[in-house]
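Right after this note come the structures.
One chain, subunit A, links the two complexes that follow: it is found with subunit B in the first and with subunit C in the second.
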Partner chain A sequence: MKQLFGYAGKVLRVNLTNKKILRQPLREDIIDNYIGCVGYAARVLWEELKPGIDPLGPQNKLIFATGPLTGTLCPASGSHEICTKSPLTGAWAEAHSGGFFGPKLKFSGFDFVILEGRAEKPVYLWVHDGEAEIRDAKELWGKTVHETTDVVLEEIGDPEASVACIGPAGEKLVRFAAVMNDKDRAAARCGPGAVMGSKKIKAVVTNGIQGISIAQPEEFYEAVTEAEEALKKNMPNVHTIIPLGTIGLVNIYNSQGALPTKYGYTGYFENAEKFSGETLANTFLVKRRACFGCTMGCGRYSEVKSGPWATPPHEGPEYETAAMLGSLCLHDNLEAIIRANYLCNSYGLDTISTGNAIAFAMECYDKGLLTIADTGGLELRWGDSATIINLIENIAKREGVGDLLAEGVRRAAAKIGKGAEELALHVKGLEMPAHEPRGEAKSTALLYATSPRGACHMHPYWTGSWDFNQWTGGLLELGLPWPAPDRFAETGVGKGLAVKLLMFHGVIQDITGVCRFPALGKEDDCITPKRYARMLSALTGREINQFELMKISERVLNLEKCFNVREGLTRKDDTLPKKMKEPIATGPTKGQAVTNLDGMLDEYYEACGWNKKTSIPTREKLEELGLKDVADELAGMAKTPKI
Partner chain B sequence: MVTLVKVTVHYGHPLTKITGKAREDVIVKKGSTVLFLLKNLATKYGDAFKDHVFSNYERNQVKEGTIISLNAKYISDETKKIKIEDNAFIGIFRAVGGG
Partner chain C sequence: MKTLVVIPDRCVGCRRCELYCSFKFYKTHNPARSRIHVIRSEPYIDAPIICLQCGLCIGSCPSGAISRNAKTGAIVVNEEKCTGCGLCVSSCPIGMIRVDPVTHVAIKCDLCGGDPECVKGCPEEALQYIDAEKAAYYRKLAFAKLFEKAAVALKPFPR
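Moving on, here comes the complex of A and B:
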């Protein structure tokens, strides 16, 4: 096999049922057509998962994935992704995380770890220096993420290793359980922690000293320097993200009527300042934190030293966490938000889905759909810190009403009935995050409706960067409509085409294995597709330009879409919660609603080359992308509408 | 008779640091333009505010990258002609991304 520059070169495949461990070479056909990380994982899961399998059954597989740029000098290269079939949505799942796990996995000699089957008893996997061993985790089962990390690092005798593990929430199969790494970094969306729990694997631990070979070192260094120089000019980073972290968005989003408040009631919260980035910086912030190879350092490290919400030092809270456990619940107590964040991290919970589920429960209680008899005596009051903390405990342990909420809001609403389905904020079963689409931008609404993993602001890319922030992301030469139209406009202004291109741009980070943040900006101050292509070419020795890279992104996004089609999802699943079609009640965006989602969807499908009626990629489009086998398989499925 | 209107002004970082607040209610004469309000605020908060918001204060030019919004509509290029209505929301911030 030829040397693959930029890659560790091996896949670790672990069957937990029979404890068989295989070290396999990377498949060059996948590398050529999908690059790596999410692209590689998407192809493997397409080929190896049968449609309709139980995501929590042994037939499901879970892939820890890195890309060629992971662990290199490329800015913000400390990423990894976890790909699987989601137990929350039943659809395509990818969960991204930063920290140090991804680079250390590559340094251990592996680009991917594929977990299969189900262990008979709790185990953990120790991956190091080209080797892997399955170890007993009986003593770890039941421990929190922080406890598990400390115990494992001591047991293996390598304090520099990186631990990706689940907490009690994953063990209890909470459908939005996270896989936490380096204690407080989360691959959280879509419930990969529950898949690990179902396989009875508590942790994957990794370290090593294998280097990453670079095809053209000098050219790579120059390309990295160019990217770094661009990022230095990125004023949003300089002005907000670096000094305040992502939680610095709270005041800005509130000023724009885009801070989700009281579970879909409004985008404006009078008390937002109390839990803003500015307030955190002046009170409980200990220091900043950065992931591997990052010059931005958006992470916060906070502590509440005393009082009812005393919390040890740990990483966070992020904007999403603060808004979901804050304004969404009409809650403004920063100390309690920090405590809530710590508990979610300790138990291994997605803070977005957790906050969404709690606010959903509060609204159900407020409207009489849940009573004190249903909650086991717990009053679910808007804005009450104790309610939030208690519900986090209950969800993680599946106790009381927490057992219901641990199923995610779609399933919980169906079980409650009485109209609760119309209250729940999700798309495809994934709980909506903290970018209120009616207030932020209608591109965000379209993104929420069409993202393969469900309601998400960052997957594959934050489209609001275009019509909310008026940024290009370096996509002008690739056909991005410019200038960006009014953020509240819906059809006739190029939003379908723009969302498509922005999504492809995001997939570049997903397949090369890096953080999304440096890709957000203008032509001269972010890492554009052209800059990624330059770095990738020098790293791997394979000449690739931005147009070719975008085409590969398109292939990957189409494959993710087809994964969902194969699971039975069609246009009817590309939708928004009923509340998003109703007007925001107060604040600067009062009256804003999504009025023509169907029109935006038509424009998006047309731009993508997909069938407008079904949303399924056409055979012509799939064959153009080299996905004839995918088209054939879909065409052969009895359940699938004709493509 | 002079009619007064109330406007709620929201600041993004680093204006939160410069002004010492994230939000304030300001009373102005009915019919005042957004530019008039911005200049009043620049007088109140000094050069740091002025430098952050204006590229050319005398020529009334808002700095590129600074977004001025009125009820969530971006009006950075129209501050001179747009008049403030009662209970309006003004936002002054720099675009920022992420989540």
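Moving on, here comes the complex of A and C:
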């Protein structure tokens, strides 16, 4: 096999049922057409997962994925993605994480780890220097993420290895359990931790001394320098993300009426200042921390030394955590938010879904849908710190009302009944994050409705950067409508086309294996598709331009969409919670509502070349993208609408 | 005379210096072949460890492969003479000379001949190549940090 520059070159395939470990070469046909990381994983899961399988059954597979740019000098290259079928949504799942795990996996000699089957007893996997071994994890089962990490590193005797593991929440199959790496970095959305828990695999640990080879070193160096220089000019980074971290967005979002507050009631919280990035910087912040290879370093490291919410030093909280466990629950105690973040990390929970589920429970309690009899004596009052902390414990351990919430808000609402379904904030079962779409931008509303993994602000790209922030991200030459229309406008202003293009831009980071943040910015002050193409070309030695790269993105996004179609998801699932169609009650965006989602969906499907009635990609589109086999398989299915 | 120095507390642990270093010498990205090493340890610690160019390793070498470059002050390894025996590795009090896993000869920081790549690549300006007199303060500051009062929580850390 010829040398693949930029890749480690191998796939590790571990069958946990029969303990078979295979080291396979990368499939060049997939590399050529999908680049790597999420693209590669999407193709593998499309080919190997049968539709309709139980996400928590042994037939499901879970892939730790890296891309060619992972672990290189490309700014913010410390990423990996976990791809599987989601136990929360039953649809396509990809969960992104920073930290050190991705690069170290590549240094160990593997680009991907594919986990199959189900172990009989708890195990963990030690991957190093082209080798892998399955080890007994009996002593680790039940331990928190932080404890597990310490014990495993001690056991393998390599203090610099990277541990990706689940906590008690994953073991208990909480449907939004995270896989945590390097203690406080989370691949959390869509519940990959529950899939690991169902397979009885506690951790994947990796390190190695293999390097990443570069096809054209001098050109790559220059391309990296160009990207670094561009990021230095990115003023939102310089003024907010670097000095304050993502939590610095709390005050900004609140002032714009886009801070989700009281579970869909409003986009403005008068007490937001109390848990803002500025307040954190002056109180519990210890220092900044970066993921591998990052020139920005948005990570915070905080500690609460004493008091009822005393918390050991750890990474966080991020903006999403602060808003979901803060304003969404009408809660403003920063110390308790830090403690809550630590507990979520420790138990291995998605802080977004956890905050959403807690706020949902509070609203149900407020409206009398949950009573003190249902909660086992726990009063669920808005904004109460102790309630939030107790519920996190309950969810992670599946105790009391936590057992209900651990199913995610969609299932919990169905179980509660009495109209609770209309309160739950989710799309496709994935809990809505902390960008209030009515207050932020209507492109965000469209993104929530159509993202393959459900309600998400970051997958595949934060579209609000365009009509909320008035940024282009280097997409003008690729046809992005400009100037961006009013953020509250819905149809007739090109939002369908824009969301499509912005999504393709995001998929570039997903398939090359890098962080999303450097790709957000104005036309010239971020890493644009052109700059990614330049770095990728120099690294791999395969000439590719931004137009070809966007085409590959389109292929990957269509394949993710088809994965969902095969699971039975169509236009009826591209929807928004009922509350999003009702006006925001207070604050600067008072009165804003999503009034014409159907119109925006029509525009989006048309821009994508998908059937407007069903949302299914047309045969012409799939064949144009080289996905004839996918079109054939969908057409051959008995239950799905014909494409 | 200039020298390489770490400004304490600036490092955020991104390890770009390691990538720049391995790229400079081997045109690869591989922290295992870097001549600078970032230690990240819980809690609090993100610290680039650099060779202080003290010269202790010179005497440990049975092949006479290690010497001081008069121009830069750097201690350098003659790769022709080095047999890869590894005696120098145990002689270094801070662990900053190692045997390369690929070439099997000793490698250490040579200050890039007076233009250190890691300094150019550090996004936090935690690494600097400055006048030795000025650098001395930061060296002392780093040393003084050993005597910093440990941050002890009032309560035992809950698990």
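Operating definition for what follows: the second predicted complex is superposed on the first by the 643 of 643 C-alpha atoms of A that agree within 3 Å, B and C clash if a C-alpha of one lies under 4 Å from a C-alpha of the other, contacts with A are read in each partner's own complex, and residues count from 1 in each chain.
Everything below uses one rule, namely that a residue touches a chain if its C-beta (ideal position, glycine included) is under 8 Å from a C-beta of that chain, and two chains touch if they have at least 3 such contacts.
What you see is a predicted model, and the numbers here were worked out from it, not measured in a lab.
Room for both subunit B and subunit C is found when the two structures are superposed via subunit A, with no clash between them.
Applying the stated contact rule after C-alpha superposition, one finds that A:276 touches subunit B and leaves subunit C untouched. Judged by the touch definition given at the top, the superposed model places A:239 against subunit B, while subunit C stays out of reach. In the superposition on chain A, A:402 makes contact with neither subunit B nor subunit C.
Taking the C-alpha centre of subunit A as the vertex, the lines to the centres of subunit B and subunit C open to an angle of 90 degrees, rounded to the nearest 10. When both complexes are overlaid on chain A, the residue A:209 reaches subunit C alone and has no touch with subunit B. Contacts of A:439 after superposition on the shared chain: subunit B is touched, whereas subunit C is not. When the two structures are aligned on their common chain, the gap between the nearest CA atoms of subunit B and subunit C comes to 19 Å. Against subunit B, the residues of subunit A that register as touching in their complex are 235-236, 239-241, 243-244, 246, 248-249, 251-252, 254-258, 272-273, 276-278, 298, 318-320, 433-435, 439, 457-458, 462, 464-465, 468-471, 486-488, 517, 520-521, 587-590, 592.
Residues 9, 12-16, 19-20, 22-23, 26-33, 41-44, 46, 101, 121, 123-124, 151, 153-155, 157-159 of subunit C are the ones touching subunit A in the complex.
If you check the complex, the residues on subunit B that touch subunit A are 10-14, 16-17, 21-23, 65, 67, 69, 71-74, 89, 91, 93-99.
Listing the residues of subunit A that touch subunit C in their complex gives 71-73, 78, 107, 144, 146-147, 159, 183, 208-214, 217, 221, 228, 286-297, 299, 301, 303, 305-306, 310-314, 346.
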